Each structure stands twice: as C-alpha cells, then as structure tokens.
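Shared between the two complexes below is subunit A, which has subunit B as its partner in the first and subunit C in the second.
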Partner chain A sequence: MEFHIDRNVFLEGVQKTLGIVERKSIVPILNNILIRTEEGRIKIVATNREIGLISRYDAQINIPGDITISALKLFEMIKETQDDTLQFIKNEQHQVTMKSGRAIYRISGLPADLYPQVLEVDEIPLYKVSGADLANLVRKTSFAASTDEMRANLTGVFFETEASGEDGPPRMKMVATDGHRLSSALGPVGSAGGLVLEKGIVVPRKGMEEIRKIAEAEEAVWIGVDHGMFVMKTDNLTIKVSLIDADYPDYRRVIPKNKGVLAIFSRDVLLHALRRMGVVSNENYNDVVIELSDGRMALSSNNPDVGEANDEIAVSYNGGDLTNTYNVRYVIEAIKAVDEEEVSFEINEGMKPGVIMGVGNDDYLSIVMPLKLKE
Partner chain B sequence: MEPDSNQNNVLDAARPKLAQKINILPPELAHRIAAGEVIERPASILKELLENALDAGATVIQIELVKGGCDALRVTDNGAGMEPADVPLAFQRHATSKLTVFDDLYRLRSFGFRGEALPSIAAVARVELTTRPATALGGTTIVAENSRVEELREAGCPVGTTIHVSQIFAAVPARRKFLKSEATEQGACLEAVNRIALASPGVKFRVLNNGRLLWDMPATADAGERIGMVLGRETGSGLLKVKGVRGELTLEGYISRPEITRANAKDIYCFVNGRCIRDALLNHALMTACRNVMAAKRYPAAVLFLTMPSEEVDINVHPAKLEVRFQNPRAIYGLVVETILAGFAAVAPALDDGASPMPATDPGDANLTSQVYQRRLEEAVKRYTLLGGAKKSSYRSGASFSAGSGALFSAAADRRRGRRDDDASAGEGSPSFLGGGERGNLERRHEPGFVSEPTVEAAAPRDPADAPAFPGSEDGSPRRYFASMTYLGQAGGCYLVFSHDHDLILVDQHAAHERILYEELRREGREGRLAVQPLLIPEVATLSPGDYGMLMEHRDLLREAGLEIEPFGGHTVSIRSLPAALGRLAPRTLLEESLAQLTGPTEGLSWGEKRDRVLISLACQGAVKKGQILSEAEAVRLGHDLDRLPFAGTCPHGRPVWIVLTERRLAGLFRRT
Partner chain C sequence: MDDIIFGLSSWPRAILHLDGDAFFTSCEEVIHPEFKGKPLITGAERGIVACASYAAKRMGVKRGVSLRDARIICPGLILLPSDYETYSLFSRRIFTIMRRFTPDVEEYSIDEAFADITGLRRPLRSSYEAIARNIKTEIQRDTGLTVSVGLSVTKVLAKVGSKRRKPDGLTVIPGRAIASHLWDLPLEKVWGIGPATTAQLNKLGIRTALEFARMPERAVRRQLTKPGVEIWQELRGQSVCPVIAEEKSVYASISKTKTFAPATADADYLFAQLLRNLESACLKARRYKLAPRRLTFFLKTNDFSYHGCEARLNRPSAYTMELSEPAREAFLSIFRKGTYYRATGVVLMELGADLPVQYSLFDDPVRADKVRDLYEAMDEIARRFGKHTLHLGGSHLIEVAGKGKRGAATAREATQFFGETKRQHLGLPILHAKV
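Up next is the complex of A and B:
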C-alpha cells in the first residue's frame, strides 16, 4: 500500500475522526481509524460503534491496500510535518512509514479486516438542509442533555419535524433536557427540506456534536434516517449515528403556560453578572439567589467554603417583586444559546420553572427549574 | 418408586371423594417434624392460608385485608372444601390431609403437611372457617379462638372455603407490639401473595384492603405474563426465558435482560417444586452467572422454577418452609449457572449493537471464566455444607428461636454476629485515627477483612480534638495536610498517589469523595440549607408493594435528604426532587439505592441513624468510581476538600480513605537498614 496525499487535506480528514474514535479504549483497534485506497482517493473510516464516519479524499494511489492506525498518533504526526505532500507506505507487517521531505515516521498498525464494519449508506431518501440551520439547532439544545447513562433517553437530543402553520413546509426542531432544564429550538420555515419524521428520534448527544462540527462548515448537507441510524452526508463524507431506542418524555407538558414576572436584559451584561456569581457558588449546584425589587435585579451567591459575591443590574420588569434561586450554570448556558442582543428572563415564583428567550425570537426557549434551599 | 405416582397419591388424598381425609399423625412423626413458630406477622398467616387454598385445588382466590392485615384478613377460595366430619379436626395440631407416614415427608409435593397452620393461627387469633365440599349440600362453620373450638354449626355457603382471621395477636400483646405500620404489613402481605401468584399463574387472585381493590390478577396460561403482573410491566417485558435440564432436574424461568438491574436481591424469586424459598446456594449460582454481565453490586430480577424429584430435597428444615436442603447441590449449582449463561448468550448479539460501548465478551476469556466458575462453585458448595450444619442444629434446638422474627434469616444473623466479633477485635487493634463520633459508625460498618495491617500506618495528621468544628469556620484554619503534598499520579484507576516530606500517601479516590459528599450532605442538613433540585419532569417509578409501603413509611426521612416523593396511584410514585449536589444522577436509581438502605435489619435504628444510612448511600452513588481517570486538578482538589473536613480518616462505610507509607516503612520494604 502506498499513496501520496496533500498534507492539509490529510490533516483535516484525520482531525474529523478524533471526536469519534476512542482515546483510551481497552480494545486497541477502537483507538484506530481505517484507511483504504480507492480509485484516485483514499477512504477514511472511523467508528466507536455508536457513531460511524466514512470520508474520502483525493490522493495519488501507487499501490492499493488498507490499514488501521491510531487516529491520535497519526494526527499528531501529520501536524508536525512541514512539506505540502506526504507519502504513506504500509509494508507486509502492517507497519506504516510516513515521509514528509526528509522526516520519516514509522508506526505499527493493525490489519484492516479486524476493524468494525461501517456500511455505506445508499438508496435511502435524503433531504437537503442548510448546514448552518442544522448546526445552530444542535448548538442551542445539546448542552441541556443529560450526561447520566442511567437515563438513556435523556442523554440524547430529540429531533423532530414540525409543520409550519397550516400545512406549511416542515421545519426542524430539536429539544434536549436533563430533567432540571430544557432547551428547545425551531429551525426556519421549510428548514427540514421535505424531511418528515412521523415520530421524533433521539440522537445521542455526542453524535449530535459531531454532526454539528461537520455541518457548521458546510453550506448544504443531506440528512435522513435509516435502520435506527441518523445519517448525514456531505459531498465527500457520510456520518451515521445510532439512535437511542427509547421514548422521549412529553416535553410540551412542562413548558409553562402562565406568565411570571418578565424581565428584559442585555444578553452580555447579564452573562457577565452571572459569571461573577459562578466564581464563588457551590461547584456542585451553583446556587445563585436572584431578587427583583425596586427596578433592579440583585444577584447574590454565598458559599461557606469560598465566600460571597453580590451584584446588581438595573432592569425593567412587569409584575411585583420576586426572589428565587437558580443553578447559575444552567442559566448561563441557556443565555449563551441566545443569538439576540436582548434576553427575556421570565421568573416564576416558588418551584415553577423560569423561561429564557431571545427578545424578538420565538423559536428558541430554555426552561430552568429553580433550586430550593431547605429551611 | 416413581415420584409422579407419589405426587398423585398425595394430591389424591386432598380430593374430596374420600370421606375420611384427615388423620392424626403418629406421635413419633410429630416429634420428628421440627416444630417451630410459624406465625410471626399477618403475612405469615396469609401465606399459610393461601397454600392451603392452593392445596385444595382453588382456581380463584380472594384476599381481603383490614388495615393491611393488622386487624383482620379473609381468604376465600373455590377449592375442594372439607367434609363436615373433618371440620372439627382442622384445629387439632398435626391434623393434615396430606401426609400419613414419615417416609411421605420426603416425597412431598403439596405445600402444607405439618398440620400446623390452622392450629397455630387459632392460637394467636380468632379464626372463623366456613367450608363446603362439592359433594355436600350444606357447609359447616367453625369458630376457634385461643386454641379452643368455640362454635360449630351448619351453614349455607358456596363450594370452597372461606377463612376469616380476626383479632390477630390480640392474645399476644407482645407480638402485636412488633407489628409495623399498616403500610409495611400490607406490603408484607402483598409480597406473600406475590410469591404464591408467581408460581400459580393459572389461579386468579384478587386482593382488597379496607374494601378497596388493590390488585386483580386474572388467571393466565403464561407464567411470563403473570411475572409481568407481579413485577411490573417494564420488568416483565425485559425478561429472558431460560430453560435447562440435567437428568431429573429441570430449571425453567425468567431472568431480566442484563441491562435491567436492581439495587438489591429482592426481585429474585426461586421456587423449588413450586415452593418459594430463599436459598443461599441458588442465589450464589445466580450471581455467578450474572457476574461480568451485570454491573457490580446490581442484581437481576428473576423468577426461577426448579423441579426435581421430591426425594432430592428436604423442605423440612425451616418452620416457615423458606429454606431447603438439596441432596446434590453441585448439580443444581451447575444447572443454574449454565442455564442462565445460555440465556444471556442468546441475547448477546442484541446487546452488542446497542448503544453499549462495552466490548463483546472475548472468546479467549472462556477458560478464565470456567476457572472462575469452578472456584465459585467450590466456594459455594463448601459454604453451603458448613452453613447447612450450623443452620440445621440451630433449628433443631428449637426453643431458642421461638422469638420468631429473628428465626427467618437466622443463618444470616449468625454470620453477621460472627462478623461483628471479628470487627470488634479488629477495632481494638487498629490505630486510633477515628474521631470519637465516627467510632461507632466504623465498628458497625466495618468490612470483614479490613484489619489494619502492620505494613500500613493509617494516620490522621492531627488529634481529632483540635479539629475545627467544621470546615471553613472562623476559628481554627483548615488543615494543610494534603495541601502541602505533591501529587504524583493515579494508580490502578483508583488510588491517588501523593508524596509528603519523605512519606508516600495513597488515597482511595472513591472513599475520599464519598466521605466529602457525605459530610457535605450532613452539614447542609444540619445547617438547614440543604439545596434541593426540583425536577422539571418528575420521574415516575413503579415499585413492588413491599417497597412502596416502606417508602411511604420513610417519606419524611427521604424528604429530609432531598428526595421528595409523591404517591402516583397504585404502587407508583413520582420523584419530585433530588439533593442538588447529586442532581446529575438518575432519580430512580437514587431512590432504589436509598430504599435498599432501609430494607433489611433496620429495627432499633433511630431516625437519625436511618437518615445517615440514606445519606451514606447517596454519597456513595455520587462519588467518583474506581476506574474514573482524574485530572491533576481534580485530584489536588480532592485533597484540599479532605483537608477541610473535620474527619477524613475513613469513608462512611468504614474503609480507610488514605494510607501512609512512611519513609521508614519504605526503607524496610527495600531492605535498607
């Protein structure tokens, strides 16, 4: 096996696999990616059994063949090379020699037939959507998904399509929650590109993040669902993510209907104030007391282990005075997902959730449960 | 002699066509059958009555409880009924329709045989029995109280038997005092129904409490369907059917898929020839099979039916017939392990392409596994034989167990007691690094086998007396023990290695974090500022009736720990909030683990002790696990947190948090003099 390839193309190709292959798997081959030559190009395959990636890059093939090799090591090697072109050679003992100018690397690989198979996707209906739209929805929701594997259904991002108005073209919608807060984002009208999901699907958070990274850089991508997999294609790459086979909770029920006290803030001013509270607040649950009174919002955080923080923001709000406690990390993450300059924070009394939205944008909302300090 | 024909003989004897069905046992037989206390709580009455009903061939059984069975209970069946002539004998001790000669004892296929149930019940309660066999036109009512027949008359009634037991323990105030809350007793009664219902899917059961229908289980031909009714639909749909035969032994049953696990062994039901038993050997075999398949310290839900010739099992070792002796434990152990492993193997592919990142079982492991299996088998059989001897003698010595409640799991109690003694001696020998308040804790929870070794100098850096009241308080600044150390790295995915002057310090990361979380939860509770995270989407959990009762009893206690629970109809609860410090964990697991802490021998524990148990379990779940890779910052942070604690020498379970290898000790190890 021997080929020549553009250094930057190769570097970018390998980099895309780093989020997928495992770093410290006890099964060594799962730390690897598969490289196989094709006519005038190489194919790179990466998988962790949950996410599969197949990508292709132009290369000059001298001798066909295939090999698997540590993704991380390969990436680090390519990164430190300086010539524009790399030569990649594999011998019979599965040893790889990579040359860049006069620099030579040698590294051992494992035979390709040991690598888990990632099937090509063909002949399933795919729908063209905007890469930016898709990436945006993931960015605005995935942070709220649970990290606890015991609640499989909440560790994913719920993806569904919603008709826009009466029989309008469907739009994409994503929702994520960890049981304490929830974020929901709706794409522009027609953003689903004709894709209609009868019942939403639950895509693992990690897979969604990989999809976001790839979609971000693309003008258009093609998406579809096949055999329990969410599939996204670009010109030279296919990524497949195993869906979580579990029912998603009825999230619509938890979106509060009655309005609390609505306060409008500058996004950046509020973010900074909250971050100042976060410095001292308890690192497990980051409690911050928010008090609305006399036309200002007072923030305070008190942690016996560290100290105190206090701040005030002038704010206009409708309704009476109000105090509640929140996990400041949840609030910060919800506000960071807002693109608008102004944020509306609807604070409710007692155990009722707070609602965060961008002013003038009804397509994104984040709900945060308050914290209760036992007396 | 064919076992089956014997079974028929015995069962035939129960059929109504014989006029004289009840015989008085010969006295020597009465002696050979170890008598014991059969009745300790309403649930035991219920169990005896249900077994009688099934022995009578009932297909519909209705159970009515008053105040969870604490006041009264009634069992109505449509079984064979009793001939008027037999009725007066029913309350005589050792009157049984099921056994005439001692040798029959070893071929028993019916549930009851000692003739103890009704007389024992009548000794502690008022029993009104109304019965009619299909052959008779009219029925008979008999009332017995305080072991005396008070009344005997004819009565009009449907075919079958109705037994109404009231004034339970009225004559035994001491026993009555030991009854728990209504909810707990009701849970125990329902658990008794569970056991019977699992083995008799063809019988319809209805359970009412205070006139309200709790449970209606229609008859079904499919044992799996009945399991679903009993253990909950979620579990029922995740069950694997297993079957294995070895000679005359047959094992059939259901076990939960490996991903469905429980926090304790409560949902493991083993039946031997239709009788629900608890057997250490069977449990051991089951857990051997589940090793490596299920997460550590998790248990499957399982319902296993073992069928074997009656001669090969002695069911007469326990008064409540909860334990048995097998003649050939080895074969049974092997059968259980192999059958269940085969069942798991059948689903392995499905597991593999699921989300689980776990590598499929490596075939190269096979040898190793069989070695492990052999070792565990020998260990189990050995323990079984040893234990068996002790157990037998303690039952035979009879009188000492009349207290009842302890007798159920006396073997376990013995073991505990033994362990405790070990601990006491270990405690004496161990260096005094325990703060006063923690000492009791340690002694109680000490793991066997942890005896402070001479190679290890477990040490707290200072006298507990000069500890600050709690971390961060203005008086006394926090210790700077760990803060002054150099962090070297993590070994074995579990031990953080520090150096301090010339000493080497090893910290168990899980134990350390557990102690930190525990102190934090306790401190927040004490200062009345426990942070609680209400849930946006309350988590709904379906519990077994027993758990439900216990949960309702301890609701306030759990709320104190930040777990707010509300009844959600039936045995379902919704979890409304979690302690905020553990907010990222699954609410249901937290609840299950906390409940597991409250089951078992909790009598005599004060409210505070029970709360501590729950807090310990919460801390344990929230703590970093073995195998979790910690960054340097995290490791150093853990050390700082330890410095701030008033006491950090051991984790709340009593294991040491850190050990110090002094320079001298190291020199000794390297033979430097």
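Up next is the complex of A and C:
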C-alpha cells in the first residue's frame, strides 16, 4: 500500500475522526482509524460502535491496500510535518512509514480486517438542509442533555419536525433536558427540507456534537434516518449515529403557560454577573439567589466553604418584587445559547420554572427549575 | 533490642483502651448466676458460636464454630440465644462508669472503648495507672463484669496493652517502655494491620511490631498509605488518632441487612423484608439530615451467595415512598423464582446533605413538598410510638408473617413488665437469680 496526499487535506480528515474514536480503549483497535485506498482517493473510516464516520479524500494511489492506525498518533505526526505532501507506505508486517521531506515516521498498525464494520448508507431518502441551521439547533440544545447514564432517554437530543402554521413546510426542532432544565430550539420555516419526523428521534449527545462540528463548516448537508441510525452526508463524508431506543418524555407539558415576572437584560452584562456568582457558589448545587426589587436585580451567592459574592444589575421588569434561587450554571448555559443582545428572563415564584429567551426570537426557549433552599 | 527508646517523656498523653472479656457470655453469667464458670456460648439462634465463655474456650470451643461441632467438642455446653438488648444495657453501663472519670470516651464497639485521661492525675489525685485500676474496679463492682485494660500514650499502643493480658488484665505501657511490649508482638496482631499489609511487610523482613516501628520514615511512607503511616507513628508513641468522644454523625454510607429464618422463596415476603431495610436505612439517614444519591439492594441466597443491583437517583432522597419504585425494579431484576433467600439488604451511598433541593421538571414539586411534610409527621410518630409504627404497605407483610427470628426468645423478650410494650422497654436486664 502506498499513496501521496496533500498534508492539509490529510490533517483535516484525521482531525474529524478524533472526537469519534476512543482514546484509551482496552480494545486497541478501537483507538484506530481505518485507511483504505480507492480509485484516486483514500477512504477513512472511524467508529466507536455508536457513531460511524466514512470520509473520502483525493490522493495519488501508487499501490492499493488498507491498514488501521492510531488516530491520535497519526494526527500528532501529521501536525508536526512541514512539507506540502506526505508519502504513506505500509509494508507486509502492517508497519506504516510516513515521509514528509526528510522526516520519516514509522508506526505499527493493525490489519484492516479486524476493524468493526461501518456500512455505507443504503439508498434512503435524504433531505437537503442548511449546515448552519442544523449546527445552530444542536448548539442551542445539546448542553442541556443529561450525562446520567441511568436515564438513557435524557442523554440524547430529541429531534423532530414541526409543521409551520397550517400545512406549512416543516421545520426542524431540537429539545434537550436533564430533568432539571430544558432547552428547545426551532429552525427557520422550511428548514427541514421535506424531512418529516413526526414521532421524533433521540440522538445521543456525543453524536450530535460530532454532527454539529461537521455541519458547521458546510453550506448544505443531507440528512435522513436509516435502520435506527441518524445519517448525515456531505460531499465527501457520511456520519451515522445510533439512535437511543427510548421514549422521550412529554416535554410540551413542562413548558409553563402562566407568565411570571418578565425582566429584560443585556445578555453580556447578565452573563458576567452570573459568572461572578459562580466563582463562590456550592459546586454541587451552584445555588445563586436572584432578587428583584426597586428596579434592580440583586444577585448573591453564599458558600460556607468559600465565601460570598454579591452584585447588582439595573433591570426593567413588570410585576412585583420576587426572590428565587437557581443553579447558576444552568442559567449561564441557557443564556450563552441566546444569540440576541437582549435576554428575557421570566422569573417565577417558589417552585415554578424560570424561562429564558432572546428578545424578539420565539424560536429558542430554555427552562430552568429553581432550587429549594431550606429555611 | 527491647531497650530502644521512642520517647523520653513517659506520659505525653494517657490513653486507655478497655475491652470486655468474653463479653456476651459474661453478661449472661451475670444475669444467670447459675451458669457462672460453666461452658457457655451465645449465638444459638444463628447456628454458630457468637461468643464463648472462658470455660468453653478452655474446652476448645472457638468463635464461629457451628453448634453441632461445639456440642461434640464440649458435651454439656450451655447454648443461649443472643440477647442483644441486655448486652447493650451492660455496655451502656460500662461506658457510663468510664465517664465518671473522663468525658473523653469513644465508644468503639459494644464492648470496647477508648478514653483519654491525659491531665487527670491532679484532679483525681492518683497516677494514670491508679486511674485505670479504679475504672476496672468500679466496672467489676457495679456490673459484675471483668474487663481488660491497656494504658499507654496512643490508641494503637493502648490496644496492644489491653490484648496483652486477658481476662481481667491491666497492662501499662509508658512512653519509655514501648519497645519492651513490641519486640515479641507479631505484626498482624497490631490494630489496623491486615493480612495484605502483613504479607507486604513480611517480604521486607518485617515480622514484629518492633521491627515495623523501627522502619525509617521514608521507607514507611513509600511502602504504605496514610492509615499505615499513622499506625507506624502511633506505635512509636506519637498520638495522631485522637479519642473522638462525639457520637458518629458523618456517614459515607448507611447499610441495613436482616437475616431471617427459615429461608424463603416467597417474593412478597422477601420484598417486604427488603423494603423494611430500606425504611430503616432511610430513617437513620433522615435523622442525620442526609439523603442518598445511589442505592444498592441485595439478596443473599441460602447458599450464602450475594446478588445485588444498584440504582441511581435523579435527585437525593431519603423518603422511602419515593424509593419504593427503584427498590421494586431492583428486586425484580435480582429475584429468581424458586431460589431460597435468607437475607436482604440495602446500602445508601453518596450521602449528602438533603438541602438545598434542585426541583425537577418532570416531577410534581408540590408533591415533593407534601412527601417531605408527610415524612416529618411519620418521624414524629416513630419517635413517640416506636420505629415503623407507620410503614409502607409493601413492608406490612412482616408485621403479619413475622420477622423471621428463629429459636427461643431471650428472657428479656419473653418478659413484659406492666405498661411495657414490645417496642418500648424499660432499660433493665432481668436477673434470674434463683433464690
């Protein structure tokens, strides 16, 4: 096996696999990616058995063949080379030699036939959507997904389509929640490009993040569902993510209908103030007391182990004075997902959830349940 | 070799360790004077020897031997069921007597305690040795029990002392005399040194406590972890483990296990037992204002193998009502039809303060608050009328079908004074002196 390839193309191709292959698996081959020559190009395959990635890059093939090799080591090697092209050779003993100018790397690989299979996607209907739209929805929701493996259905991002108005073209919608907070984002009208997911699918958070990274850089991507996998294709690459086979809770039920006290803030001012509180707050609950009174918002955080923090922001709000306690990390993450300059934070009394939105944008919504501080 | 000096001062601290002599059987001898000096064991209800009296020990009956074997070894052996209520009453009396001398008493187990008597020579007008002797005498006079006492400068050394002469012994190890008590003491007899550490140190040629105490500090720190280093320091007469007089209130985990007899394959009864353990564990957690994040449930089969299952909670909770669902799920995943089980157990883990509480989107927060109020009322009822007066329907079967206690009732259980209930007793052991 021997080929020549553009250094930057190869570097980017290998980099895309780093989030997928495992770093320190006890099964060594799962730390590897598979490289196989095709006509005038190479194919790179990466998988952790939940996410599969197949990508193709132009290369000058001299001798066909295949090999698997540590993704991380290969990436680090390519990154430190300086020449424009790389020569990649594999011998009979599965040893890889990579040359860049006078620099020579030698590294052992493992035979390709031991690598877990990642099947090419069958002829299934795929729908063209904007890469930026898709990436945006993931960015605005995935942070709220649970990391608790005991609640498998909440560890993913719920993805469905919603008709816009009466029989309008469907648009994409994503929702994520860990049971304490929830984020929901809608794409622009027609963003689903004809895809209809009536019942919705649950895509693992990690897989969604990989999809976001790839979609971000693409103008258009093609998406679809195939055999329990969410599939996304670009011109040279296919990524498949195994869906979580579990029912998603009825999230519409928890979006509050009655309004609390609506306060409008400058996004950055509020973020900075919250971060100041976060420095001292308790690391398990991150509790911060938010108090609305006399046309200002007072923030305070008190942690016997560390100390306390206090701050005030000017704010316009409708309604009476109010105090509640929130996990500051949840509030910060919800506000970070807002693109608008102004944030609306609807604060409720007692155990009713707070609602965070961007001013002038109804498509993004984040709900945060308060904390109960014992008297 | 035994003239090595670890410390110049004889009494930098004075710490005493007290250990009951064949405690359970000694208690029985006190309330049954007719058994005095006879070969006697407790543990009849368990089928194995829990404690053997000195007379029985002399005949070769050891702790842990099955009753059948014990009878063969020692014909005429008297078998008694364990009467823990009486033992704990005696235990409390011993600790109270110790507190006549010093407030710093650490109750280490039912028949073991540490006491710090540093600085009491002047107020009590006697030497440390005399104080130790007085404690011993008063215990024997007031309870009729003999104890073995070790007096030294650290807890580990005091424990070495109390084991040195048994029964009814008093061993004094002042700072200057440490070496003379360690040179012939096998390493594995030191408190806190287990088989693994022993094997590890044996490989370095360290076989006695003295050899261990003489190891250079660098070597000790390289070989052992923090607890091991502390034992080394204590053996050298540097007191690093203080006597902790407060009742324990910090728990890493809380576990409750109950063995019943006969073994059963009845799913409903087993689940009732499991739930009752959960109720008991949660009651304790609530008392210390703790709530678990993680639970382990297990069943023990008749052939002594354990089968367990773990559940993680969405938020910490010590309210049994909210935990009965994970409990049932866990139970169903462990329970095998037709298998006989003899014990169930629950462990509460990742305990944290039960405040503040993060409300959850998918639970009903109003309900959560109601549950809390409900349990406050339940705990109040438990305080007044006894534990588990109010319990979940799932564990009610225990009240109906019995707790699965085997063997004859102890004298204390069989007797009820006027006004006593099964749950509420006067704290009195019953004397069976035959007049």
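Simple rule for what comes next: the second predicted complex is superposed on the first by the 375 of 375 C-alpha atoms of A that agree within 3 Å, B and C clash if a C-alpha of one lies under 4 Å from a C-alpha of the other, contacts with A are read in each partner's own complex, and residues count from 1 in each chain.
In this text, a residue touches a chain if its C-beta (ideal position, glycine included) is under 8 Å from a C-beta of that chain, and two chains touch if they have at least 3 such contacts.
Small disclaimer: the values here were computed from a predicted structure and weren't measured.
*Asks:* What does the overlay on subunit A give for subunit B and subunit C, a clash or a fit?
*Replies:* Verdict on subunit A: clash between subunit B and subunit C.
*Asks:* Could you say whether A:Glu50 touches subunit B, subunit C, both of them, or neither, answering first, second, both or neither?
*Replies:* first
*Asks:* Contacts for A:Pro169 in the overlay, against subunit B (first) and subunit C (second): which applies, first, second, both or neither?
*Replies:* Touch partners of A:Pro169: none, neither subunit B nor subunit C.
*Asks:* Going by the contact rule set out at the top, does A:Met351 touch subunit B (first), subunit C (second), both, or neither?
*Replies:* After superposition on chain A, A:Met351 lies in contact with both partners, subunit B and subunit C.
*Asks:* Applying the document's definition of touching, compare subunit B and subunit C: which contacts more of subunit A?
*Replies:* After superposing on chain A, more of subunit A is contacted by B.
*Asks:* Is A:Pro204 contacted by the first partner subunit B, the second partner subunit C, both or neither?
*Replies:* first
*Asks:* In the overlaid three-chain picture, which partner chain does A:Asn327 touch, first (subunit B) or second (subunit C), both, or neither?
*Replies:* A:Asn327: touches subunit B and subunit C.
*Asks:* Quick one: classify A:Ile244 as touching subunit B (first), subunit C (second), both or neither.
*Replies:* A:Ile244 sits against subunit B, while subunit C stays out of touch.
*Asks:* In the superposed arrangement, which partner chain does A:Ile367 touch: subunit B (first), subunit C (second), both, or neither?
*Replies:* both
*Asks:* Looking at subunit B, which part out of 260-268, 332-340 or 476-484 clashes with subunit C after superposition?
*Replies:* Stretch flagged for C-alpha clashes with subunit C: 260-268.
*Asks:* Do subunit B and subunit C touch any of the same residues on subunit A, and if so, which?
*Replies:* Shared contact residues on subunit A: 148, 150-151, 177, 179-182, 249, 254, 284-285, 287, 327, 351, 353, 367, 369-374.
*Asks:* In the complex formed with subunit A, which residues of subunit C make contact?
*Replies:* The touching residues are 311-312, 314, 352, 355-362, 365-366, 369.
*Asks:* Write out the stretch or stretches of subunit A touching subunit B in their complex.
*Replies:* So the residues of subunit A touching subunit B come out as 22, 24, 26-27, 48-50, 146-148, 150-152, 177-182, 204, 242, 244-245, 249, 251, 254, 282, 284-285, 287, 304-305, 327, 351, 353, 367, 369-375.
*Asks:* Write out the stretch or stretches of subunit B touching subunit A in their complex.
*Replies:* Against subunit A, the touching part of subunit B is residues 353-355, 357, 359, 471-472, 520, 524-525, 528-537, 539, 562, 577, 580-581, 583-589, 629, 644.
*Asks:* Going by the contact rule at the top, pick out the subunit A residues touching subunit C in the complex.
*Replies:* Listed in rising order, the residues of subunit A that touch subunit C are 148, 150-151, 177, 179-182, 249, 254, 284-285, 287, 325, 327, 350-351, 353, 367, 369-374.
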